[in-house]
């Protein structure tokens, strides 16, 4: 990968992840940590607090975390807990955890009793997606709103919420533009750079995040050539991949990562929130219906398996087409129930759309990268003819 | 183990050398041997592809390719009707599905835990003080294969030692060890919809006890190439040849490393 | 791939109660009934999960439940799960996922592939369902993903997924502030289930019958609670080993007269044993609590091993899926659906108030503390089944927290100066590690070695006890 | 037989090495250890003979024997078998009555035992599902690096820059070492990294049962000064190490033999 000033600019910000949040805390602002895409950031922002994505670190062995949390918990989530309990996110005033998977739900008490934050909140996202679920979720969001109001000591007005919704829609719009820049062959923006840029954005207040993305877009558009050598165009399919090592590895080995379905990628960044009408209602629709997460059960309306996977995984096919993908890597963490149970169906879907797929089960540890390397290289050799 | 194959129209020479921490030096040593055996100056070698666990540590290789692609090539050159390859080496074991042209269709690998690799048997054989050559044959004499309850290689090693001390016959223990490995490999390769012919390569291909256990687990007959250890190196050589021919066709010049062997001391 | 050699069957587990001994045949019986019903085709069969508070609805509509968790457990207990687990694995499912689900999916795939039961299936096998009822809860992901995965092999079999959330414990919030809208939602979800079953069975729900069945299971709930409380007696008349059998009517036969009668019998039996001063073990030395985790179904003998060391288990947190209704403060209603929803919420929030009162406590921890006292517990044993996050995450922390806020045992120790002093100590605990049905994760030698060491621990507590 | 003539044996048959201690009614007469090498029965016999030889006593004077460790079942002359957990507690308490947490770094497992000063156990924990976190990895390393296991400690202390080492499978840690060396890393740096990783694993295991000062490191692993230091760095605790850390369980067994004999317990 070519290291030019654009790359360095992004990497430099990436390496300072969290420093801005710490600074804002020192200025007296409240920074609220969150995990997973199911937490309505619009609400946190509207309350005047600053949402901050808690990340793990694949390079750091999990030690202290294992003393309280069983090793049968999702390794990415264990890493997040490990860093938190080691005090890496000491600048947070609180933490919001949604109902996304057993690892999160079952360990909620462990987090809330073991970490020194004054504020904890659990957002109970429904598992199914029906009219009654939306009603319930709206009530749950109102409850979340009340608890934030208690924390911040002032009410969240409707216009605050609307403004926040608009800011986040803009944010997602800009991220979309970044993805557009990867359609050229080879892409103008490498997957590694994109992952880093998105991560940086998730560590900033949304308005600053918007400024940041504008900066990146401008810089990348100013490029005259791709940082990558033309290679197989790869889509990354999976849950939250908050480390860059996987994508970096793929690109080191000659692949071009051009698309993804991951939580900190398109899954969360592409769906927008309705800006008209009741904002809470709009948020409940967006988070419950538009986030395509395996955790949310969607009934098989077709009555056939093909029809079912087409409706559940349609976005994969769409991205594969839109970004002219040559192959996909399905990257699933060990102990991940929501994604784990879908591996056979996803496999079938990839065969169905004629996209070769490599399934990797990872334990979120740098010790595994060597093992991933051979598999990925062989896969690239396989689809590279 | 470090292997070299020199290819002309057919296999000109092959050498199987030892392995160890000093991969770079071994690579040089084995290459030297091969050249001597083939009576060739190094400069005669057109192109060199390295593969395997230590592929990055071959100082004079022009290109590195994974053993998965190389085994596929090598095996389908020797046995064109091969559709599934099971490679059982000391570092890992793999299942590879290929088409008739030797192209990889799908693969699975185990390299996280020694218990799924040939190393499992090496370690046990070592504890029992039996040479790798014998273990397979001995296990075939078993009447009542012992059940090995431990998965971890090292714990299994102790289990075996203890059972032996309690008077469990050696052959039964070895049979147990072999079926335990065969089952683990069977579990792994069953993730690929296995098609015939099934070819076993790597050190595992030399172990009759393991082959029988594996063929029982899979319920299929297994084919072993005459020299199961070199299919990876052979595949690498075939790829090298293709590249040279390809370059000739498109009138391109292939960049190659300087053809020189060095002595590197690491330890 | 060929079938696995079945594991050698372990020595039959000895039960302390006649009731527990009668369970095996009972399970075989209802599995056989599902196969018979499948053959006759008169009644509809539904795959479903325990702890959904929907048995009353199914029974009122004459739907026969097929408890898929139960069948996986049976495969495990018969040490015949491995071949189904391997099938699931070969489909690309990771061993790290719920092995009940893997076993079930592997079995379904095999049955659908053959168009008949897989060769010598345990107890005749698991019948093909007419529909599947899964459940999204904040309880267990596999409950919402399992049948969806199975549907790949029987796409014509529809699924209804009931969402049954409950408010998670938050120290700073009274659950009553929110449970109103939880109740509203659950009621709609249950009514949705009724509509779905009506559509599938082409029958209308008879609400009078439903109310009767709800009353029946309410009475059964209270009866079970009274029965289990009898185990507080010293010596303890019935241990967790038996409770892993008597869970069957609790989990798989609720809303039937049979379940009620079973506990009438068991209660009588326990009262007689207590009157005779007869305990689960000859001379009871240690009283242990099974403080968390599903059992390793293929290794229930380990309970006998504990017994052989003078250890009895008067209480377990596992499969105590009932709580006394008269102790729940839930609104009165004559609408059976509304009541089911309230019972659901009442059950899950049962320990919330108590936990909120004790600093540092939490519902699961609070339950441990209460039962340690009520059942005079000397030590806690937990089992961490690697494949199940639902019941096995947070166990280590619960023990930690327990030790932090609750140190009940005074012991003599030798201080730095070599003089003996009294310190308060937490209860000793043991965490066993294996799996619910994946026997490859279990080592009897290791487990028994751990148990021996734990018994020695309890012994040294007894010897060094200060007062 | 007069009490002062009676002797008591504690035999600890480990998977890697076996140890024996011989006591009389008030002090220690002899100790002996050797590699186990497969045949545990023979090893057990050998240890008994050595102990008698060294304590200049006769077989008939052996009044009680307690066997422990991996191969305890295979000590033909043992009157009783006790778990190494209990023996560790006994042994350590007799040397350091103030110790509350014992960390035993053995060949197959790492064990944490929380004790009182009288050899009573308060809680304990054994390491996971494979030999990954045990002392075995040190032996494996010694083999790969072609050095004596005794040298590892000193050598690692010479490290200037530690290499990150990811311990997973104890057998495959060999391959990781190999590739690191191929990359040109120094032995001592590799070992320092290994020690750090192992120490971290042991520490988190310890945290699970709860740590109470003072802490004693015992078992074969505790003879590795590099590991001991790494552990102190990682945990932030000072630790004590008895002169012969690997003999502690055998000593505990011998002490139990003496106690149980005086309690006049029946033999198993």
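Labels A, B, C and D are assigned to the chains in the order they are written; within every chain, residues are numbered from 1.
One rule holds for everything that comes next: a contact is a pair of C-beta atoms (placed from the backbone, for glycine too) under 8 Å apart; a residue touches a chain by one contact, two chains touch by 3 or more.
Nothing here was measured: the structure is a model prediction, and the numbers come from that model.
Engineer: With respect to inter-chain C-beta contacts, which pair, B-D or A-D, contains the greater number?
Structural biologist: Pair with the higher count of C-beta contacts: B-D.
Engineer: Farthest from chain A in C-alpha centre terms, which chain would that be?
Structural biologist: It is D whose centre lies farthest from that of chain A.
Engineer: Centre to centre, by mean C-alpha position, how many angstrom separate chain C and chain D?
Structural biologist: Roughly 40 Å, centre to centre.
Engineer: Per the centroid of Cα atoms for each chain, what is the distance between chain B and chain C, given in Å?
Structural biologist: 47
Engineer: Can you pull out the residues of chain C that are in contact with at least two other chains?
Structural biologist: 92, 396, 400, in rising order.
Engineer: Which residues does chain B have that touch at least 2 chains other than itself?
Structural biologist: 111-112, 151
Engineer: For chain D, which residues are shared contacts with two or more other chains?
Structural biologist: Only 128-129, 168, 179, 208 qualify.
Engineer: Quick one: label the inter-chain contact graph as line, ring, star, complete or other.
Structural biologist: complete
Engineer: Write out the stretch or stretches of chain D touching chain C in their complex.
Structural biologist: So the residues of chain D touching chain C come out as 82-83, 85-86, 89, 93, 97-98, 116-126, 128-129, 208, 210.
Engineer: Over in the complex, which chain C residues touch chain B? Could you list them?
Structural biologist: These residues of chain C touch chain B: 1-2, 4, 8, 86, 89-90, 92, 440, 443-445.
Engineer: Which positions of chain B touch chain C when the two form their complex?
Structural biologist: By the definition above, chain B touches chain C via 147, 149-151, 183, 186-187, 190-191, 194, 216-219.
Engineer: Provide the residue numbers of chain D that touch chain B in the complex, in ascending order.
Structural biologist: 15, 36, 38-41, 70-71, 74, 108, 129-132, 134, 136, 144-146, 168-172, 175, 177-179, 181-182, 184
Engineer: Along chain B, where are the residues that touch chain A in the complex?
Structural biologist: 65-69, 103-105, 107, 109, 111-112
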